[in-house]
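Shared between the two complexes below is subunit A, which has subunit B as its partner in the first and subunit C in the second.
For the complex of A and B:
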């Protein structure tokens, strides 16, 4: 299989990640459940991973790194734990349903009001629109770092400055960028950062997290066993325990820890440059093919994603032909990005998303270009 | 049971804080280890840092200087 669905998950993981998970499954106990070596080994590994992530994202403190099962859980925790009735939120057309659905839910259940910075037909936003949408009751700006459909990146430093100039909380969905684009919570003035471990970080599925800045507090959305403060009827106040109930995914976090080591050893810039080269090679190869429409802005910073359609063909049929006839894995349909598809005018057709990763090769890209050319003939 | 001796015992609100203390002490080559929190103390975190009493002053100064968070800091027969 030629795997070009890395925006969904990086299927191939570095061998040290696999080894770390296997090792964890044969050695670790449950973190925070005693002081025997099995439990302490898990606690040490988990704390060490908090430290690595805090350094990776320039989060102010390791204990402000909260582990979750994925970005969606982190986003629900952040959005539902932050917003109160009457709050107003500014978001964008680029968002994934993992941001949109929690917001729509709070709009219906807590009278939270929403405004969206619109995207144009190339998926670009006008940054001036954030300032124009701010109202007295605006509480937060919530936006993705990059569209999962077009790959267009958002200048989160610029948005963070707008948010903080107006005293707003800035929440970033880094699902598509953590591990491949630089993220610096302090420099980019990010209050809440939600990430997943299984995409560009190349860790196991079931890992992710929420990093909190110094001056933001969230209500816990789940409560329960923590291994500490047993006789306290309420969830502990202190982070990270306040937002972590139940057994953590120690085995997965061990893999994520190894993935962070791998990225540091290879160099995030090296990874980004390779993915960018592969993405550009594919873009140059397909964009001039008659009948092929490519979406997104290729003149600005972006992730290694190319979304396209061939003539008026159903994107699902194209993706299925790529899989069945060429052994190429892509993602068709709506990509959980309804506002983005409406902005691009692809609501009915969907789009075929090709997303490239560290383990792809130029030879694979060339096979994919030939396949698109043949399907468009 | 083992005979009790006077030790410095430090408790924490979270496991993360206990891990931070252990990592810090190991890095600084300070003596001590994590033990289950003695029942005489309020059991915030299920584990506590146990160290020789004569290491207390050094440990306290370094903990304060590096903003290591703890719940209780006291000498106890354990």
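For the complex of A and C:
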């Protein structure tokens, strides 16, 4: 199989990530649940991974790195833990349902009001819109770092500056970018950063997290056992315990830790450049084919995603043909990005998304280009 | 290390579990996120695991098996998704903070009222108390299957009958029992079953779930991307999607699936008998030692847990000595079970918990007995 669905999950993990999970599954106890070596080594490994993530994202404190099962849990935790009745939020048309559905729920249940910076037919936003949408009751800007559908990146440093100039909380959904585009919570003025471990970070599924800046407080999401303050009827106040109840996915976190080491050793910029080269090669190969429509802006920073349609063919049928006739894995349909499809005018057709990763090769790209060409003819 | 902290997590996993995780980490796509083989095989594996769990717990439908990151998430999802303002809940003194803290939060924030069936000094409950505590506004009985501190099991079939005789929802926390004591949702009249994968089920950390009976509805917990119904602003209605947003821990679930196969092949009753034998051997060895106080009821069904104290020594110091001088891993302190410690009168001292698992041996038990004897002398 030629796997071009890396924006859904990076299917192949680096060998050291697998080795770390195997090692954890034979040695790891339950972190923060005792003082024997099995438990202590789990606690040390988990704290070490918080430190690595804090360094990676320039999060001010390792204990402000909270582990979650995935990005969606981190986004629910951040959005629901932050917003109060009457708050107004500015978001964008680029968002995934993992941002939209928590917001729509709070709009319906907690009288939170919402505004969206619109995207144009290339999926681009006008940064001036953020400022124009701010109201006295605006509490936060919640914004993806890159569209999962078009691959267009958002200049989060620019949005962070707008947010902080107006005293707003800035929450970034880095699901599509953590591990491949630079993220610096301090320089980009990010207060809440939600990420997943199993995409560009190349870690195991079941990992992800939420990094908090110094000056942001969230209500707890899930509550329960923490291994500390047993007699406190409420969840302990201090981070990360405040937002982490129950046994952490120690086996997965061990893999994520190895993945961070792997990325540091290879160099994130090396990975990004390779993925960019593959993406550009594919884009140049398919964009000139008659009948192919490519979506998104290829003149600005972006992730290694190319979404396209062939004539008026249903995206599901094209993706099926790619899988069955060519052994190429892509993703069709609506991609959990309803506002983005409305902006692109692809609400009914969906789009076929090709997303490239570190383990792809130029030869695979060339096969994919030929496949698109044959399907278009 | 002699690992006697299996009630916190089973540190050693069966080799087929590790093999399944490794295989998943090289082949698995993102389930329900496409139609290529990587995604489809993930979807098939995950649905197959739902089927195995439904069979294992006699849950009426595989699509009523919802995956979570751990038991705590399942309990939050079930408790917060079920209870409305004004509801009254009956629980017990045996509960873990993963049940207590969600309940206390709803008591404070949602005007839910709570009653607790008290435990005596041996950690036993009077089943007649459930009926006596029922009021017109009682909605549910929420009850652990076994105390994580004493190992005393609750006759959940008996409590289920009381619940259903009075039209109440019955929620069971099976964190300490799933994989080792028989659970049958139909026979025991369980409406909501919360379990973890990394304890007696011997699966990876980061796995667990919630099984729903036919006639119970929960509000969604986290909301977000589901790979279906992209244009629906709310979480889809149907289970399991209604309660599962974001990418599942496919790598962990692959391991859990192998763990279920392993338990079925070995036989749950074989595992239970071995753990029971080890636990009884330890109990008989330590209960006669002068200065040793053992907690719990050893005349009734129980898990393979023995909690004890030596004289008035701090439980943390005893556990440290066991770890450092004998290489024996136990867990001291308060065990996230505040009401249980109050009932046992061990609020200040805590207790040293020895918990036994499938991979322990009689020789290890004998070393542990000698260690307790030496520390008591």
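In this section, the second predicted complex is superposed on the first by the 377 of 377 C-alpha atoms of A that agree within 3 Å, B and C clash if a C-alpha of one lies under 4 Å from a C-alpha of the other, contacts with A are read in each partner's own complex, and residues count from 1 in each chain.
The working rule: a contact is a pair of C-beta atoms (placed from the backbone, for glycine too) under 8 Å apart; a residue touches a chain by one contact, two chains touch by 3 or more.
Just so we're clear, the structure is a prediction, and the values are computed from it rather than from any experiment.
In the superposed model, A:110 lies in contact with neither subunit B nor subunit C. Once the two complexes are laid over each other on the shared chain, residue contacts for A:227 go to subunit B and to subunit C alike. More residues of subunit A lie in contact with C than with the other chain of the pair subunit B and subunit C. Contact with subunit B, but none with subunit C, is seen for A:62 once the two complexes are overlaid on the shared chain. Once the two complexes are overlaid on the shared chain, A:44 sits against subunit B while remaining clear of subunit C. Applying the stated contact rule after C-alpha superposition, one finds that A:35 touches each of subunit B and subunit C. Applying the stated contact rule after C-alpha superposition, one finds that A:238 touches subunit B and leaves subunit C untouched. Once the two complexes are laid over each other on the shared chain, residue contacts for A:370 go to neither subunit B nor subunit C. Residue contacts after overlaying the shared chain place A:198 against subunit C, while subunit B stays out of touching range.
Subunit A residues in contact with subunit B (one complex) as well as with subunit C (other complex) are 33-35, 226-227, 230-231.
Of all residues in subunit C, only 1, 3, 5, 8-9, 11-13, 17-18, 21-22, 25-30, 33-39, 68-73, 75-76, 96-102, 104-105, 108, 196, 198, 204-207, 221-227, 230-231, 233-235, 245-252, 255, 316, 319-320, 322-323, 328-338, 341, 347 touch subunit A in the complex they form.
Contact residues on subunit A toward subunit B in their complex (touch as defined above): 31-35, 40, 43-44, 46-48, 50-51, 62-63, 226-231, 236-241.
Every residue of subunit B that touches subunit A in the complex is listed here, in rising order: 12-20, 22-23, 34-36, 43-47, 69.
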